[in-house]
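Letters A, B, C, D and E mark the chains in the order given here, with residues in each chain numbered from 1 onward.
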Amino acid sequence: QAADPIKVGMMLPATGTYAKLGSAIDNAFKLYVEEQGGTLAGRSIEYHAVDDESDPAKATENANRLVVRDGVDVLVGTVHSGVALAMARVAKQRDTLFLVPNAGADDLTRAQCSPNLFRTSFTNWQPAYAMGKAATGMGHKTAVTLTWKYAAGLEAVNGFKQAFEEGGGKVVKELTTPFPGVEFQSFLTEIAALKPDAVYVFFAGGGAAKFAKDYAAAGLKDSVPLYSSGFLTDGTLGAMGGAGEGLITALHYADGLDNAKDKAFRAAYQAKYGMPPDVYAVQGYDAAQLLHAGLKAVGGDMSKKAEMRAAMRSATIESPRGNFTLSSSHNPVQDIYLRKASGEENPSTGIAAKALADPGTGCKM
Amino acid sequence: MDFTTFLIQLLNAVQYGLLLFLVASGLTLVFGIMGIINLAHGSFYMLGAYMAFVLTSMTGNLLLTILIGIPLALAFGAALEALLFTHLYKRNHLDQVLLTYGLILIFEELRSLTVGDDVHGVPVPEMFSMSIPLSDTLSYPVYRLVISAVCLLLALGLYLLIQRTRLGMMIRAGSHDRDMVQALGININGLYRTVFAIGVALAALAGMLAAPISSVYPGMGGGVLIISFVIVVIGGIGSVWGALVAALVIGFADTFGKVFMPDMAGLTVYLVMALVLLWRPEGIFRKG
Amino acid sequence: MNSRVSTFFKLAVLLGLAGFPFFGSVFYTEVLAKILILAIFAMSLDLLVGFTGLVSFGHAAYFGIAAYMAVLLAPQSEAASLWIILPLAVLCAGIAAFVIGIFVLRTKGIYFIMVTLAFSQMAYFIFHDTKLGGGSDGIYLDYRPDATIAGFTPFDFNQTSHLYFFVLAALVAVYVFLTLLLRSPFGRVLVGIRSNEHRMLSLGYATFRYKLAAFTIAGALAGLAGFLYAVLFGFVTPEYLSWHKSGDVLLMVILGGMGNLAGAVAGAFVLTGLQEVFADWTKHWQLLMGGVIVLAVLFMPGGLAALPGRIVARLRKGENNG
Amino acid sequence: MAEILLKADGLTRHFGGLAANQDVSLSLERGVLHALLGPNGAGKSTCINMLSGDLPPTAGRIHYCSKDITRLSAYQRSRIGIGRSYQRTNIFTQFSALENCRLAAQSRHPRPWRIFTDALSLTDTLERARAALVEAGLGARASVIAGTLSHGEQRQLEIAMVLATDAQVLLLDEPLAGMGSNESAQMVELLNELKKTRAILLVEHDMDAVFAVADRVTVLVNGQVLESGSPEQIRNSAEVQEAYLGVEEAVHV
Amino acid sequence: MSEVLLEARGLHTYYGLSHILRGVDFTIRKGEALGLMGRNGMGKTTLIRSMLGLVKPAGGSVSVRGVNVTGAPTYRIVRHGLAYVPEGRGIFPNLSVRENLLMSARAGVDGQRAWTFERVLELFPRLAERINNGGGQLSGGEQQMLTIGRALMTNPDLLILDEATEGLAPLLMKEIWRVIGEIQKSDIATVIVDKNHSAVTAVTDRSMILVKGQVVFDGPSAEVRGDPELIQRHLGV
């Protein structure tokens, strides 16, 4: 039994907009395994990979490819929330261990939560809620939100709004634009006319870079502060040119965290892949750590599902982001940092919410 | 909405419309005039944007980049035509759909292999990097206005080329009956190669010009593909003015759709297209 | 190719497909079922593109609408009756196609392509931007429909092989139906419309009605495919209606060779099959896929359907020369 | 008095500023072949297009068997028995010559509901199609793909298709153009046969043929009726000679 | 004897498997007028298209002014001073009348521009009236005029007319025959395919009759005119 390897199914985007995030997760996961000498709890690891193309329409089949065809012991994935939701169903049906290293869909650890599903990233709600809290803390009374009209963005806006209004502020307008549209000029005009105290947005990737540039070019950056979940400025600051300088965002990871784990991780990652790691890499790394924690508890015997899951549930992960534990719905209970962009980095300026747990509403487990 | 805001939105609409025309201009030529269904238009646009990124990081100057980039794009377009497209003119038009779809996959993958999957920025050229204040809170980037101006020039140039020169006549004739054009002593193959190359160069130019404001990222070609077709078609295939008007119409629909029907914003462009084509089944400007 | 040889060949393929679940794994049975469903989808589009000359770029709308109906019309906590929900879903797709057809068929050629796209995109955004079908995250079907009729259960969809056979039977039925349809006076009119609609009008055919009928039938058959797809995967997302999906099926039809039902099936097999294989091989599968497509266009005029004929001709020529 | 099948009153059609037809009135009777002559661009095809429903008139009325059909569309007019041929060959180039005619014949009994019947098994239609091909002199070319027929043969096919529809009113737009002399002669014979039971409007520039078959002639110039009368009357009209026939011709005959 | 303009030797042409031209020899000299006759489907058009390179002959050679152009692209062949008026017109419906004429304009091989836009419009005043109309909106006869005019705009030395008088009204037809006579006087050679045998033999010096892709007669037009039996046998009148 201990002889044959554990099959890990990596279902990540290898093509398209999210390809880079997919490879960061993949890299870091493998980095951790290698650091352990290529084995976890005495068992070697065999990878099976599928490009999920970030296409929900193909998600069920792709997940089946790993779970049913290859019979993987662990399913790892993915970036796109819609795809992850479909994966969760497949994994649940087969009761296969499922680790989510990025997708932030609230539902994964709320209504769709399940004993076999563990997330090492965040809920869309978490950083947004923390940001909302921080924004009221800075004395803002009114805010406008803007996001792509899709689940992740709407969830983030909800989180922000909840915290902002709990803190006595008011969201005066919630703007949305079709995904993945990048023409923001009319929204900027509207924001300028509304003159709120703050703006909260949810964008990532190319759209994020474009938005920050447009925001600055419209002259709004100096008059109306812009806040966001960290994805706005992660990996996009270079593309923003100077437009991203000083932007304040909230996320469960930041550059230059002064902890040993992080330093070691960054050095190792840089050495192996020739580029600095990012939050996605951290999440992938932690997914491997979490798996390791579970395996250690059962001595590598994955048939002891209940035991293994209990161990994972109660593990404390020594993450580069700082230690975290899991909530009862299997989502990290973690510090959310406030970061201020500087150059191409997002160094932390403090903690927006300490040990923030997702409410896990609707999770019956 | 107060009046100033309305005026600014109007400006946004026009400016966005012109930007759309710029993006679609290459397609106006390749699809509208030559009749090639080119789904890879977005890829050529992406190519331009990435070229802007790579070349400006070497030359540090967007203008220089454009000067280098255009001949490169022309050569690339001519090579593609000679290798691939030239074999398809006598076939069913839908074969071009298949071919150009294959090209999208190839270009996308090659981009990923050579430049990677990062998001990149291209700096706005120094001399256009300022903004003009419009209201107490809002100002307008000069570079966008420059693009609008370029776009109008381009529209004029295309119009003159297509409607006023013999070259334009020959291309249009060629889209109808290549044999007959040849039989009149015109080298239709060479002509088509040239014009296709110009079309590719236009798409790349659009990518280069738009790079500073749109940033450069994987999949950016896909985003402009459908909208470009929408513009060429609802303008009336083969009409440059039509495309310009269509681009402005879409610019308006999109801008004011976002303002007045935010919940339906994704739909507006398509709603407008459906309405226009049901009203005028051959586009706003029928071909002459 | 000799028509007897081709019939024989088709029967052999059918036999092979029918035998697959007895030998293949559950996963590949599902993959094959998916391909068969897409083949139905492709044939339905071929009725429009290949035979009637109506290049629809929005065919996924009917596929997706029926898929949504498979979930939305089913009760939350138990299985729906197949014999009620299947006709309902197909009917909905057919009605949608009929209504949309009344509008889009006013246009021609490239304009038709774009209007069909416009309508399908509107349908896409309706599902994507409203809570109707779970928004952008999609919606799940928890119980596959139940085939019990008057107390008797002929097959059980929870067994993949049963579902597979049902799909295969549907494919054969659609193939036979379309073949007969195309031989009939009605079918001849459709082909005439593709060739020269104006002349059909002046010969006294109410071409609009014929086109509308074809559009509706094609929509309903696409709906059949969409329904089966939803049942197979238990999941429906707005992406089912997106233009990518419409494009995919159009590619199958073109690659297969327009105006040939078997070609459409072959197109579905080759495009989906190659992707399965390539994606398994390498993460740069798009490069291979794109390369194959480009080569296929250049060296396979007329698509897969024309291939046997070309090979035979080549062999004949060789014989004559040798 | 012969039975009037098709009657046009005051047909007018403008294309922008151009009046392609101006107040044109015609009537087609069973048993009569009516020739419509006129210089190029006079509006003959436009007139046929309006009668057949391909083009809506700007003004004027059209009656078929004293029913007003001005608003009927092209296919509806064809259904009630108005058939036409085109000046620019308008055939199904990808189909065999026979299938071209079969489709024409099928339009009389479309039977769209019989979707499980093989169209080729409907022998009435098939026979009608074959007969039409033979009448037009293409009997030996039935299985040839229409697009690969020579130009002259395509012209013959154009006529065969109208014949296959078995229309009561035939609107023929230059049926002889492009046909060889042999085929032309054959066609003249056919026209003489057809006109006994039908009403025919013939547009044709081949004067030998026209004067061999026409019972009445109307001459159109610049969209207006210049003269209408018996063939002799027309042939001898100085105005017609000047505008259309050319003077020597008249001297010649 | 004057210079040979266009010459074909032993042309064989296939469409798919059907053998259309079966070894045709063809010559035309500068300033000569040649009538090409034959019943429908005998291969007249195919012969012309083969010589122009619009279909690729399977065997035989074609030369223009002594230059071997077998297999050369059509536009090269034509640039030696040939102009082609195809049967069934072949105007560009998406171009206006003006554009149809202007797009083909070029000087002759000798650098002269005897035929100008104005001169063509003088020949066909009807076209001048419709000058801004779309080509597709012309009447049949007007389209025919346009095709001839377009061919003349290339200032050819050899004008190939494939059923150029189809659909022309009698008056205009006479005018065309007169023009063809004029053209010949200016040393332009013409190849005329037409159903009107008496007219063809009247304006041409030499006649050629094709039957099933083979030349069955090649000689003085006067001979054809004087031999009703020959016409009867090959052209079936």
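Here is the rule we use: contacts are C-beta pairs under 8 Å (C-beta built on N, C-alpha and C of every residue); 3 or more make two chains touch, one makes a residue touch a chain.
All values reported here derive from a predicted model rather than from experimental measurement.
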*asked:* Please report the smallest number of touch steps linking chain A to chain E.
replied: 2
*From chain A, how many touching-chain steps at minimum until you land on chain D?*
2
_Other chains in touch with both chain B and chain D_ = C, E
*Decide which interface, B-E or A-B, involves more C-beta pairs in contact, and give its chain pair.*
A-B
*Let me have the rounded angstrom distance from the C-alpha centre of chain C over to the C-alpha centre of chain D, please.*
43
*Between chain A and chain C, what is the separation of their C-alpha centroids in Å?*
37
*Per the centroid of Cα atoms for each chain, what is the distance between chain D and chain E, given in Å?*
29
*Could you tell me the distance, in whole angstrom, between the mean C-alpha positions of chain B and chain C?*
32
*Tell me, which residues of chain B touch at least two other chains?*
108-109, 263, 266
_Give me the residue numbers in chain A that touch at least two other chains, ranges are fine._
15, 149, 178
*Between which chains does touch occur?*
A-B, A-C, B-C, B-E, C-D, D-E
*Which residues, counting only chain B, touch chain A once they are in their complex?*
1-2, 4-5, 8-9, 12-13, 15-16, 108-109, 112, 116-121, 123-124, 131, 133, 135, 137-141, 143-144, 213-220, 223, 254-256, 258-259, 262-263, 265-266
*Considering the complex alone, what residue numbers of chain A touch chain B?*
15-17, 19-20, 23, 149, 175-178, 180-183, 185-190, 192-193, 195, 205-206, 208-210, 213-214, 217-220, 223-224, 235-236, 238-241
*chain C touches which residues of chain B in the complex?*
37, 84, 87-88, 91-92, 94-95, 97-99, 101-106, 108-110, 113, 226, 229-230, 233-234, 237, 263-264, 266-267, 270-271, 273-274, 277-278, 281-283
*Which residues, counting only chain D, touch chain E once they are in their complex?*
15, 38-46, 87-89, 148-153, 156, 173-174, 177-185, 205, 207, 243-246, 248-249
*Mind listing the chain D positions that touch chain C in their complex?*
52-54, 73-76, 78-79, 84, 86, 90-95, 99, 102-104, 106-108, 110-120, 122, 125, 161, 165
